[in-house]
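Pasting a structure below so you can have a look.
Chain IDs A, B, C, D, E and F follow the sequence of writing; residue 1 opens each chain.
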Amino acid sequence: MTALAALIRRDIRIALRVGGGALIGVLFFLTVTVLMPFALGPDLALLTRLGPSILWLGALLASLLTLDRLFTSDHEDGSLDLIVMGRMPLELACAAKALAHWLAAGLPLILATPVLGLMLNLDATATSAVALTLLVGTPALTFIGMIGAALAVTLHRGGLLLAVLVLPLSIPVLIFGVAASQAAISGPLPFGTPFSILCAISLVSFVIGPFAAAASLRHGLD
Amino acid sequence: MALGPYASFIVTSYALVAAVVAILIAWIAIDFRRQKARLRELEASGITRRSGRSAADIR
Amino acid sequence: MTLIDLANPTKFLSLTGRILPWLAGATAILLMIGFYQAAMAPDDYQQGATVKIMFIHVPNAWLSMFVWGVMSLAALGTLVWRHPLADVAAKAAAPIGAAFTFLALVTGSLWGRPMWGTYWQWDARLTSVLILFLMYLGLIALWRAVDDPSRAARAAAILTLVGALNLPIIKFSVDWWNTLHQPASVLRMGGSTLDRAFLIPLLVMAVGFSLLFVTLHLAAMRNEILRRRVRSLQIMQASQQAA
Amino acid sequence: MRLTGRQIDCVRGGRAVFSGLDFEAASSHALAVIGPNGSGKTSLLRLIAGLLVPAGGSVALEGGADELTLPEQAHYLGHRDALKPALSVLENLSFWRDFLGGDASDPHECLAKVGLAHATHLPAAYLSAGQRRRLSIGRLLAVRRPVWLLDEPTSALDAAGQDLFAGLMQGHLARGGIIVAATHAPLGIEAGELRMGGSA
Amino acid sequence: MTALAALIRRDIRIALRVGGGALIGVLFFLTVTVLMPFALGPDLALLTRLGPSILWLGALLASLLTLDRLFTSDHEDGSLDLIVMGRMPLELACAAKALAHWLAAGLPLILATPVLGLMLNLDATATSAVALTLLVGTPALTFIGMIGAALAVTLHRGGLLLAVLVLPLSIPVLIFGVAASQAAISGPLPFGTPFSILCAISLVSFVIGPFAAAASLRHGLD
Amino acid sequence: MRLTGRQIDCVRGGRAVFSGLDFEAASSHALAVIGPNGSGKTSLLRLIAGLLVPAGGSVALEGGADELTLPEQAHYLGHRDALKPALSVLENLSFWRDFLGGDASDPHECLAKVGLAHATHLPAAYLSAGQRRRLSIGRLLAVRRPVWLLDEPTSALDAAGQDLFAGLMQGHLARGGIIVAATHAPLGIEAGELRMGGSA
């Protein structure tokens, strides 16, 4: 148990320290969202209609793109060797790292949502619907993205390769996240259906993610 | 055989399929030649496989 | 001949060397028959002559999914049984699968233009094939990213399996996504009530394309085996010169 | 306790690095792995640590804890030092102590033993090459493991550091530990030799 | 001159070798663009209207996100020390690296534009307008992004930090790129005006980028 | 030619590492910088190479090429070896030869001199620690520079490699070069000593 706690604590601490990943993820989220009106044009009605979509896109990119060094940095400085040798099952260690990453980089995104909702002229219901779906959906993104992060170690390549491998896998999360938010705002469908599917996808990813990541790390040792 | 007003679409799609299949076949054939040539080259320079058999010895 | 025999790359090479010409011949004959029947098939009363695109579109669409299945089996072979030929099979299948998927997309678009008036619709079926295509490309990028084939094989195997688990989810979610926004406008042909005049050429073409895949796949596997031999000989050359 | 390797074959990147290697190291004994550059010393240590899979043969630890695997009973000290520049010296060491688990000692004491007491709260980014190495050595002391696998452990250490480290190794052997060390320089302790053949 | 050519050649070679950077950049562009409809909904009319914006956003993200290791990887393996010590002015070396990056990662994006244009139902004029503006605009993105890449070395942080620093700077490029494409498609403004401003921004970035990057690298030495 | 440092102060991370340091190295002479871990040897070399800015004092090369700065006339061999894993051994060396420019020699010959002729076309990712170090040393030979700044150059080299490198340094000195080397182990050539004080 101490080992688990130590790993989570370390990763969060590194993320929050010097140039913290957490802050940067939020900033990226903010910037991408602010960028959209420049690309889409300043039509406020359109922006409001697209609001949940824009927020989800921003959150998706921000959480996947911060992931790329989840394992690579540990690999480069040799920590990963010691983690693999350690007494904690590798699957558990992977899950712990993903959890720490989500706490440091995913949670702040959700806290930033209301501010951005204001800028896109979303009302309170809409904003809270988006925030709620993000709360359920971003862990899934992190746990699916973790597979890509582990593959990046095997491949000795991080960066965009990860995004390319993982983005198609995360499409269902995006679809149901946006669908649930839209349902809460404008109907006609009930909010519950897509939302419960989103929850199910999250739960599945909690199982598949750590196992696939651990398998890929074990096979990628060198 | 009359192809109607959309003949160009039909012909294009058949031609495209033929072209892509041809490219696949050509790529595989050229690749085969190249690998075999490399094997021969290596064998000529005296490298042999552990089994002692010739590596390029395939039909 | 048993499966054990096939496991040996050398045996595999000599065996496939013998059967490949026959396979290629059968493929060519079947495809020619199929093509002839397709040319002779009547026009559809709704779609006119464009129905001829179906005879190549549908087999390619089927194969695009079938090949991922083959790669998933090979991936199991790599991870569970650590079978060397499984690596080879998976690697050789990816570009061929991508090519079939590409053809399904392109012939579908070329069909869609006369039928729907646009090359592309964000329709559920089309979109999930597009995602499949992107996943093929990602897999190919992954194979290219590593120069040590056995490392690449294991990484690719994991991605293939995760992809296979996800494909149904993706398919399902894309269905949901599309019907959510534009329920009735999905334009598609009558489906199951296919006339024999269309069904028979289609089946012949489908078998022909499947044989084409088998032929190309075996040939590509042979190339891959040779490439690995070249690689290990080159590495041996480097170390022999050292001694 | 006895660490034995039988008929080990090692293949890396498609090349055979060594094959049919046998070795043995008993409790309270050190084994120095020596040989020219590229002969496979590092590869052997990583094999023992479970970080590489042997192409043939096996490594086993007899007489260790039954429920634990060999890697779980070993310390590995490689070229890369597993330090996070953003964390302080103490935080780095404490993390590994908590993560590795088992029979642990006080991190402050360990730092004092490797001569880094004055740098406790410095970020690891500020350490010189030798100070980083000392901190890695501190990890060996923070948690007890019977087997130490050391890859050129004395590189970057100054003369005082080398003496200090020889003393620490001596202490480990005295407590019944096993040491396998790849090295080009003298280790400063009595050790059996495993000579690797091979090229440049 | 050989030094310049050697640097460009090396960077392109690394990009194309192992893990083909070029291919991956294009794939990322494809994937992000394909992702947008899932967020925005499958309404083809809306997608067509937003087409140029979507393509520009995708290209922006693809070209900035491949940049993050432009200098960091050279810093980590010590190459940067030798490049700084070398006889080639550091400004020139920076420009050479940016050029190599654009050739390997920017140019392929433009080649992929027509395909994506088709999927968003853009007509030939619109597609070529977007491709033309991308041809002029992506070098500007690379040369502006280079400043962020250099700062990432100084600050010991890559990844998203770069994006956060650079995205605001690249907003003008985005605005005029989209404006020029829209003008070519639907008017009412003439295409020439925003396009020539875009060209001007590119030219300015060719000067400012290398100087700012070199200055930041010099100050970041450690 | 003469390399001189006058009253150099070095501050890193807000802490004074050393101050008022003087040193001098003449043509055909080597200077060994010695001292305990963290005493500032690496910092001094990076100062001379222009990779750190001194807080006070100055370094100058008298009698070198007038139009070139000191860093442009120096080779720096640090802990990090400036190799790209994706490129082959030859490609790595050829790149540095072309990039550094000046008086260049044939890369194949240089590889032979450092004992890597057999690995010419191997990707650098496949090299062992000592082989990487040999390749970095090859860079010193690929392009002529009068001043060599070496940071623990013999670490990871086997005995044969150390002898070989001593020979290469001897050759450089014989051609009128200057060597400044930070080291904990004997260099294998005759050298003046610069002793750094300082801690742990």
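Note that in this section a residue touches a chain if its C-beta (ideal position, glycine included) is under 8 Å from a C-beta of that chain, and two chains touch if they have at least 3 such contacts.
Predicted model only: the values in this text are computed from it and were never measured.
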{"item": "Steps in the shortest chain-to-chain touch route ending at chain B and beginning at chain A", "value": "2"}
{"item": "Those chains which touch chain E and also touch chain D", "value": "A, C, F"}
{"item": "Between B-C and C-D, the pair with more C-beta contacts", "value": "B-C"}
{"item": "Chain centre separation in whole Å, for chain D relative to chain A (CA means)", "value": "37"}
{"item": "Between chain C and chain F, centroid-to-centroid distance (C-alpha), Å", "value": "55"}
{"item": "Between chain F and chain B, distance of the C-alpha-averaged centres to the nearest whole Å", "value": "51"}
{"item": "Whole-Å gap separating chain C and chain E, where each centre is the average of the chain's CA atoms", "value": "34"}
{"item": "Numbers and ranges of chain F residues touching at least 2 other chains", "value": "12, 79, 118-119"}
{"item": "Chain E, residues touching no fewer than two other chains", "value": "18-19, 24, 27, 31, 38, 41, 76, 156"}
{"item": "Sequence positions of chain C contacting 2 or more other chains", "value": "131, 134, 137-138, 141, 145-147, 177, 232, 234, 236, 238-239, 242"}
{"item": "Touching residues on chain E, where the partner in the complex is chain A", "value": "18-19, 24-25, 27-28, 31-32, 35-36, 38-41, 50, 53-54, 56-57, 60-62, 65-66, 68-69, 76, 155-161, 163-164, 167-168, 171, 174-175, 178"}
{"item": "Residue ranges of chain F touching chain E (in the complex, touch as defined)", "value": "12, 49-53, 68, 71-72, 74, 76, 78-84, 86-87, 91, 94-96, 98-102"}
{"item": "Chain F contact footprint on chain E (complex, rising order)", "value": "2-3, 5-7, 9-10, 13-14, 17-18, 76-79, 81-88, 221-222"}
{"item": "In the complex, chain C residues that touch chain A", "value": "79, 131, 134-135, 137-138, 141-142, 145-146, 151-152, 154-155, 158-159, 161-163, 165-166, 169-170, 172-174, 176-177, 180"}
{"item": "Chain C residues within the chain B interface of the complex", "value": "10, 13-14, 17-18, 39-40, 43, 48-50, 52-53, 56-57, 60, 95-96, 99, 102-103, 106-107, 110-111, 113-114, 212, 216, 219-220, 222-223, 226-227, 229-230, 232-234, 236-237, 240"}
